[in-house]
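Two complexes come next, and they have one chain in common, subunit A, joined by subunit B in the first and subunit C in the second.
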Partner chain A sequence: MSANNLKSMKSPKKLSTYLGWAFAVAGVLILLVAPTILTQYYVYLLATVFTTALLASSLNLVLGNGGLLHLHHGVFFGVGAYTVAIVMTKTSWPFAVAILLAPMVASLIALVIGWFCVRLRGLYFGMLTLALGQLVWAIVYRWNALTNGDNGIHAIPVPESLSSINSVYYTTLLVLIISLIILYMITKSPFGITLLATRDNPVRSESIGINVKSHRLIAFVIAGFFAGIAGVLFVLVERSVAPSLLFWNKSAEILIMCLMGGLTVFMGPTLGAGILVLLSMIVGLYTEYWLLVLGLLLLILVLFLPQGILGYLMESYDKRRSMRGEN
Partner chain B sequence: MDFATLASQFFIGLSRGMIFFIVSAGLTLIFGVLRITNFAHGALYMLGAFIAYSVSTLVGQGPYGFWLALLVAPVTVMLVSLVIERGLLRFIYNRDHLIQMLLTYSLVLIAGDLVKILWGTEFKSMDIPAVLRGSFNLWGASLPWYNAFLLIVGPVVALGLWLFLSKTHLGKICRATATDREMVDVLGINSTRVFAMVFALGGWLAGLGGALIAPTTSISMGMDASIVIYAFLIVVIGGLGNVWGALISSIIMGVGEALGILFIPGIAIIIPYIIAGVLLIVRPTGLLKSAW
Partner chain C sequence: MLQVKQLKKAFDGFQAIADANLSVPKGEVVAVIGPNGAGKSTLFNLITGHLQADSGHIQFQSQEITNLPPYKICHKGMARSFQLINIFSSLTVFENVQTSVLAQQRLDRNFFTPSRRLLIDETLEVLEIFGLLELKDRPCKSLSYGDQKVLEIAIALGSKPKLLLLDEPTAGMSSEETRKIVTLIKKLSQEKGLTILITEHDMELVFDVAQKIMVLHQGTTIAQGLPEDIRNDKSVQNAYLGEAG
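Up next, the complex of A and B:
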């Protein structure tokens, strides 16, 4: 899987790249006109999709590209959202400060957690992200004076210009597109390629002089930064935060999104986020047992489609292309 | 702060550590032998508690209810585990950690809703058997009998596991598989059967933990989420696959949490995570030698 990935990076001018861009442009155009035809509820739902898509894509920088078992990414998302909520309700600072501070605080927490985690490997790395992430959750859950404890913070004030759901929609869409472009550029930059090398062969990378730990730490902090931005978007959409944002099952949900779309494809997590958010809404209309449905879905995915939907499509596309090439 | 309060809190922490140990011993065995990160372990524990409740209610919360529950619940959970292992887990032994983890996580999601369907969402409670009610005095500290009972069960389970792992043929194969799986395969030992048995044993231990905790807590949805994180942390800081490491770190966690409740009640919830974080940073591969 990973070898395939590297190969495709070296030949950027193949048809699938153009096809990908065509899909992206068409998708953006549709999304731009969508609010004019959809009801408010669906506009809100799509804004949630954009927020979640950014969160999942930021995780995939560490998970898919870094190959690190990052089990508690939701923490940085929650920290970002809480930063906005606290600044807007407990201080008189302007909104601009809140949205600037949120990703910075999130990446600072990511720096602290990541600094410890990158010393460990494999499952131990994952367990430490879990332990330290749950520590942050417990602090948020208990620090009543600052975070309002398990009640969360509600009715967070936002500027007048962001009060309508349509303006929130366009803001989240714009932020998502810009962030995805930046994340894409990061994955294609020398740093991103080196990160892939540290994933595929850490020992060899180390021996040719790559500082594996610092590359992983940087990826971790970047992912935390974008998760913080997603946290800001979450506050714009929901206007409230609760400690459950930072509990580990939220992070597991993001992992499922990444897996569902495909860890090896850049747009995979976005697709996964879209499917899961919309599906949870649709299933919710019919039954209260959404988690049961999600569990069964995940089971099928893990057993039969572990490379994810986009991963599978790319694989079969590549296979067909190489067969044609040989004939 | 007098000595009696400290002693009784220490004692309660120790008995809580025993529950941690029983649950995480199963998890660490599965880790060591099957190399699977089993998120569903907490769900099995929850299932054990709910089945214990049902069994004891069925016989009318009478004097025998608890003991029958203690017998039936772990065995039922063991059978469920066996079905899970044969039906699902054996197909993913060669996959990434992430895939294995998410498969067991899907079981968490499914089990959560199944429990909701079968038992409803309201809290359940179960009586402590008459023999173990009340408390006794030890050096001026008042200690509940039930916790004393847990302090007996924990070492008995530990002893049983030790006998099994070091004295029986099957146990030796388990340890060998944990140390060097390829070698065990080369020797022509049917490792599939070992895997199924270890997973069933792990399930039995999770069910036992659930049945033991049932009389002391409100049995509810979501009791799986917190225990599984604790159990994971215990297993990792004890050294993956090392049962004795799990014993040591269970006691550290249990006592640490109990003393945290005594000294800093407001933020005691963060104590286990701090302990785990510090221990993992100081000894990244666990307190005792890992099987991996």
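Up next, the complex of A and C:
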């Protein structure tokens, strides 16, 4: 077969790709006008959703695409937030330094923790992320001089231009969109496909020339970097940090968000973050037992929707199309 | 091209490989045969770095590769297929081979070029050799067992190897599928000039494709030579008959 014939074998773009982009553009347009309609409280809530969505999406690079049982991603989020808090309250460095430093410190911690963890597999990998993450939490909790211990750091100064909730809203939205685009590009890049391969079959990956451990470590560090950015957004929204940010139950919540939206769909964790943040607010109006509701949700999820909400929708969409005999 | 000398490997006191010796000349098809449990797969796993040898040497293109990690050995020009199907289950047929081509070209750390634009022709070329073009956009899970076995070998060829190791490429296949594999092996050897090392139960196939045969019995190389010499070798006959009796 000639080269020309081979070229004609290239796959056409799927309709679902265009549909996905249409949904994304429509969603962004709605979010752009939302603050003009909503009350301040809901604007604040949406900014929290954006922050959490970035955090969950960064976790999913390792969890969904890498297939690694990363149980303590909240640590990198917390480290990012604390970096901003400490720079802004303990030094006279400008804000720009704080927001640049935060993702870098977060990815450095990810490099150290990941370096140990990628040597292990499956549940052992997970247990080590948990153990080393709790170690970081303990340091933050105990190092009074630097972190104020269990009091946390409050009233963190931010630039004048970021003082109104609307400007915070648009900043978090913009950062979320840019970060999601970069993360999406990474998942579609050779690095991303190779990451899927190491998830599906690490043994085979090694034998086609992939250094699985270092590939996983790089994914881990990238995830830590974006969690650090989410940490910066958290400080913009809340203006305060506390050690509970780095406690393991926060990480469990992020994990559930990914599961809820769907690990195999790029926007899954974003959807999961939206649902869980809004739901915890609504449940919070009626009862203090949010964790009980969360537990029940998790039960329903793993029993009836193991592929997640968006994962389920995509699956049934594909099924209906193939039944109609389309591509 | 490949030299294995006095290789030893034990699992919990069981000597799986006691004294394996093998020499694979460039451009030839060499077969490793032996009764079940003779250590053929273990030998393969030692050569490709999936297992660590206790002692002995493995040299590839005059370089010592004993106990190197598999990914380094692959980059030196040695690729393998597995006895059990070992593919990337969530990827399409195309992506399965493309991943291998990407890794071979050391593009697996490229972050920002969409992979659907990279090494398309190289990947399609491999798929064409294996007759997988029609199936290329199918999820590989949906393929028949026989086609998955073919894909298994196609992934290995994506690494553009100089030496290709095939671990029981026809295990569990119908006779028609087996014939297809035989044609493929001959094509790879004659047209692509590949050096091939193969283990196989099917003696008809072995004597059909191999220019040289090594016999492994209880982890020890008991004979190595031309197919007709092996056929007439007393110790080989004893090894096989001993098992049958």
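Going forward, the second predicted complex is superposed on the first by the 313 of 327 C-alpha atoms of A that agree within 3 Å, B and C clash if a C-alpha of one lies under 4 Å from a C-alpha of the other, contacts with A are read in each partner's own complex, and residues count from 1 in each chain.
Quick note on the criterion: a residue touches a chain if its C-beta (ideal position, glycine included) is under 8 Å from a C-beta of that chain, and two chains touch if they have at least 3 such contacts.
What you see is a predicted model; the values in this text were computed from it and never measured.
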Based on the superposed arrangement, let me know which partner A:L135 touches: subunit B (first), subunit C (second), both, or neither?
first
Quick one: classify A:T194 as touching subunit B (first), subunit C (second), both or neither.
second
So in the superposed three-chain picture, is A:M185 touching just subunit B, just subunit C, both, or none of them (first/second/both/neither)?
second
Should A:R204 be classified as contacting the first partner (subunit B), the second (subunit C), both, or neither?
second
Quick check on the superposed pair: does A:L120 touch subunit B, subunit C, both, or neither? Answer first, second, both or neither.
first
Quick check on the superposed pair: does A:V212 touch subunit B, subunit C, both, or neither? Answer first, second, both or neither.
second
Residues of subunit A at both interfaces, subunit B in one complex, subunit C in the other
none
Touching subunit A in the complex: which residues of subunit B?
37, 88, 91-92, 95, 97-99, 101-103, 105-110, 112-114, 116-117, 225, 229, 232-233, 236, 240, 266-267, 269-270, 273-274, 276-277, 280-281, 284-285, 292
Residue ranges of subunit A touching subunit C (in the complex, touch as defined):
1, 3, 6-7, 9-11, 185-186, 188-194, 196-197, 199-201, 203-212, 215, 218, 264
Using the touch definition up top, name the residues of subunit A that touch subunit B in the complex.
63, 69, 71, 116, 119-120, 122-124, 126-128, 130-132, 134-135, 138-139, 141-142, 247-249, 252, 255-256, 259, 289, 291-292, 294-299, 301-303, 306
Interface with subunit A, subunit C side, in the complex: residues 48-50, 69-71, 74-75, 79-80, 82, 86-91, 94-95, 98-100, 102-104, 107-116, 118, 120-121, 124-125, 128, 133, 136-137, 155-156, 158-159
